[in-house]
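There are two complexes below, and they share chain A, which is joined by chain B in the first and by chain C in the second.
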Partner chain A sequence: MSSEAVVGVVDREWQRYSIGERIARFAVYIAIVAAVVLSIRSVEVIPDFILDAPEQVVDLLKRMWPPDVASYPQEIHAALLDSLHIATVGTAFGVLMALPFGFLAARNVTPWPWLNWVARLVLIATRSVNTLVFALFFVAVFGPGALAGTLAIAFHSIGFVGRLFSEALENTSPGPIEALRAAGAPSASVISFGYWPQVVPAFWSLVLFRWDINVRESIVLGLVGAGGVGMALDNALNLFQWTRVSMILLAILGVVIAAEIAVTYIRKRVI
Partner chain B sequence: MVDSSSAALAIRGLVKAYVRGKPVLNGITLDIASNGITAIIGPSGTGKSTLIRCINRLVEPTSGDIVFEGRNLVTLNRSDLRAARRQIGMVFQEYNLVERLTVMENVLSGRLGYVSPLKAWLRKFPSSDVNDAYALLETVGLTAQAHARADALSGGQRQRVGIARALMQRPKLLLADEPTSSLDPKTSVEIMTLMRDQSSARGIPAIVNIHNVELARRFATRIVGLSGGAVVFDDSPGALNDAHLKQIYGGESWLDGGAG
Partner chain C sequence: MAALANRSLLIAPANWPARLAWIAFAIYFVYALSHLEVTPARFVTGLDYGQKFLAKLFPPDFHRWELLLKGLKESLEIAVLASVLGLVISLPVSLLAARNLMPSWITWPARLLMVVCRSFHPVIIAILFVKAVGFGALAGILALTVASLGFLGKLFTEAIEEISLKQVEAVRATGAPFMSVIAFGVVPQVFSRFIGFASYELDSNLRNSTMVGIVGAGGIGGTLFAAFQRFDYDFVCAIILSIIGMIIVGEVLTNAVKKVFRA
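Our next item is the complex of A and B:
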């Protein structure tokens, strides 16, 4: 009966979206469905292969079991360490090369827009070229092996580290910087006393993050001949040594988990 | 009221317009004597902060002259400006310490204008600077906190570090931009006392922007009232009455039961 209290007041309509917005939303739904349908058509899924898949997987797993533990100390261990070294040295070189570009790309540190853009172009370029593409290039230049892998990791890391580092720089508080400038400090000292202490946590955090990514990338690199455990995996696959393949995969899993745990631990304790 | 020839700082026709044709400072002319505290009071947005920042060119003046130590700061090139800034200490409302550095590092950063970047990076400051820094920490009562990180300090302690950093420059002029606005009343008085004592002990003039009229009356030797980007009052604290305050801040209801 309470509605009678508002007798004489015309019910007002309210709708979340206007007609134009509703048409636009409907059009987006149609477009999504159309995109999915078109994609499935062009992929040309073969139904027989899909139906066959579970059987194939079981068969493969049977052939992979038990893992060839004896092969680990013989060659997998050394290859795995190679991969870790490629990742670590590659990250270190990548970070060293990324730092100057990070400083140049940060608008508050480098007040010349054209330099910002040049630095940003370098960062975008190195980030958009996949590590595998870099690896193919360096394998062609230096021949197959760990050097090519290390350089591939280093060059691809520049963009990622440089970009995030320049963002960390741009997010620093301007107050302390202003205070140091007001004291007549030269630019180099403003960077080392004003900017650097403010970005140290972000810097180590993104170095660790990149190292974590690079450990996984270094493993794949062997597939194109750039050294590490990926090369051993490639060999085993080509020779249909499935028990060895499974041993390598288990070892890789172990390393990735160990890296993850190490990074989480360091981050908690140190940063 | 000050003889221009003996002034430590002479500001002539200072204009600052952030937007062309809308000046925030409208031709300020001031002489600052070689000692004493000059308090600048005025409503928010009237250009107090802009005025003080124009002096060491944290804000670039649009026109006018600022003569300090015989040189016009407005026309100095980058390296000469840096040399001039080394002689002007500045204290900020938000302290502007480098939070992740220790108290000692923050105090020593007042010497960055004199120490080479490499030595600064390696923390190899001359022993005279280190001695000075310890003496200053004792003066501001933070000897025990020398190795604490700046972000572990309270607001009042941080401002003491800010003052120590400014004094570390062995400045010939002290600027303070709302040094007490982020602090409680008791700490504000302590900070102003410290500034006054150090200013007179070292024989250097201080220019202090301040919201609080009572603090200005209590600590300043001279009060400059800004309103609408122009000086509307310039005299000793004793001469400041309600009529002047009304002229500076506008309105009068806020004066009831107040300063009286």
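Our next item is the complex of A and C:
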């Protein structure tokens, strides 16, 4: 690409990007504008709804005020704790399942390309199927409840944790590993004394990151019957108990912010 | 065997806080498992259902491809419009939230807004918008815009806070007005990182735009949920495979864009 820029005359004027780069950038801009224009033209949005939206939002907020504080100890608190359990247990199972795939997907750990590809395919597939889709599946299989939610969280986490873990493995320094191999260490020892110490900080940081995401996801799962506070939210919505809805939303906000603060704190202290 | 004998030298000295944390986590784990009613018996009966279920999924049924395509197209439109809207809104908000450019009485409200937007899952925001503006793509677009504002705003703010203030000083010293300071002092330093974040957000919106339909906010999610409830599992399989395909194509495209902008 850069050769086009130097053909012919000597460049007297300094240019940050070559012609090829500029064309590529311009093409991206054009594509974005085209995508936006096409989307606006074909998306089915009723203009009256847009004009009406601010009024409707204000009306909704008025109906939500004041939050029904009394309902919190009755049913919201227990459901919220269930959501947290689902997130934590699901993350733990997900990480356990992700580790082997992470090792298999890392090219420097597993020297067989076909095995790398199989592992990668599993990681891509689990990452691309949304937690809610997994939840629909597991509700159909195990019936409604927290088990379905936990498994949904666990399966969707495989792809995310496994991919980032295999990337961390591929970024390890080969020195200690060669030293271990040269000393005749069996492959289990190479992994536990060569690779593992090098990826431990990355591992814990991505586990925490995923747990933080899973706390948010575990809250929605109840909408499809997979347990937790989402079920309470769904009930309140279906019964138009708006003051209760706003109480649940406030409780969710509190938990999510607390989780984020906890993760930041642990990351600073431990990792 | 020699390696085993020297093992104690290789392992760090006993780390009691870490051990206690592990024990505490193990106790919590058992407690949580009992609380979630995860019993082996239930698991085993479930596996039996699971087998039947998987058998019903295959082969995928692409007969109603028109319906499928319409849903995918709507999801794509929702993702594109929500990303662009979210980008446009989060640029000024993240400038307001950057602590190195603004006084704290401006950064706090901007930060609070982003935290609230980020705290709720897009599907929950979508429920509220469905109630507010009715069923359809508009609710999905608005919900994902809010979610994008939360995430892009946070990433943008962090990027802006990491810039070198020397260049900003230099532009300011020439007597440039505020907008020029932003355009020539701040934007060039963060542009390629912004492209990276924006393409990440587009990916994430594409994933979520296939889900907001579950609560009636437009896109393929509605079709998926309806097929699930009608036990139309071979069509469900077709929908899920197409969603995976669309997401992978989207990821390849955004990676190409990132390469062009060296983000």
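Convention: the second predicted complex is superposed on the first by the 237 of 271 C-alpha atoms of A that agree within 3 Å, B and C clash if a C-alpha of one lies under 4 Å from a C-alpha of the other, contacts with A are read in each partner's own complex, and residues count from 1 in each chain.
Heads up, the rule we're going with is that a contact is a pair of C-beta atoms (placed from the backbone, for glycine too) under 8 Å apart; a residue touches a chain by one contact, two chains touch by 3 or more.
Small disclaimer: the values here were computed from a predicted structure and weren't measured.
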Open item on the list: Is A:G194 touching anything from chain B or chain C once the two structures are fitted on A? First, second, both or neither.
Closed with: first
- [ ] Report for A:V133: first if it touches chain B alone, second if chain C alone, otherwise both or neither.
- [x] second
- [ ] Report for A:A185: first if it touches chain B alone, second if chain C alone, otherwise both or neither.
- [x] both
Open item on the list: On the A-aligned overlay, A:E21 touches which partner chain: chain B = first, chain C = second, or both, or neither?
Closed with: second
Open item on the list: Is A:P176 touching anything from chain B or chain C once the two structures are fitted on A? First, second, both or neither.
Closed with: first
- [ ] Mind telling me which of the two, chain B or chain C, contacts the most residues of chain A?
- [x] C
Open item on the list: Can you give me the overlap between the chain B contact set and the chain C contact set on chain A?
Closed with: 183, 185, 189, 193
- [ ] Please name which positions on chain A make contact with chain C in the complex.
- [x] 21, 24-25, 28, 32, 35-36, 38-40, 42-46, 49-50, 52-53, 56-57, 60, 82, 85-86, 88-89, 92, 124-125, 128-130, 132-133, 136-137, 140-143, 145-147, 150, 183, 185, 189, 193, 216-217, 219-220, 223-224, 227, 233, 237, 249, 252-253, 256-257
- [ ] Note which residues of chain A are touching chain B in the complex, please.
- [x] 173, 175-176, 178-186, 188-190, 192-194, 197-198, 200-201
Task: Of chain C, residues touching chain A in the complex - done: 3, 10, 28-29, 32-33, 35-38, 42-43, 46, 49-50, 53, 73-74, 76-78, 80-81, 84, 115-116, 119-121, 123-124, 127-128, 131-134, 136-138, 141-142, 207-208, 210-211, 214-215, 218, 224-225, 228, 240, 243-244, 247-248, 257, 260-261
Task: Touch list for chain B against partner chain A, complex - done: 56, 58, 82-90, 92, 94-101, 105, 109-110, 112-113, 115, 117, 120-121, 162, 165-166, 169
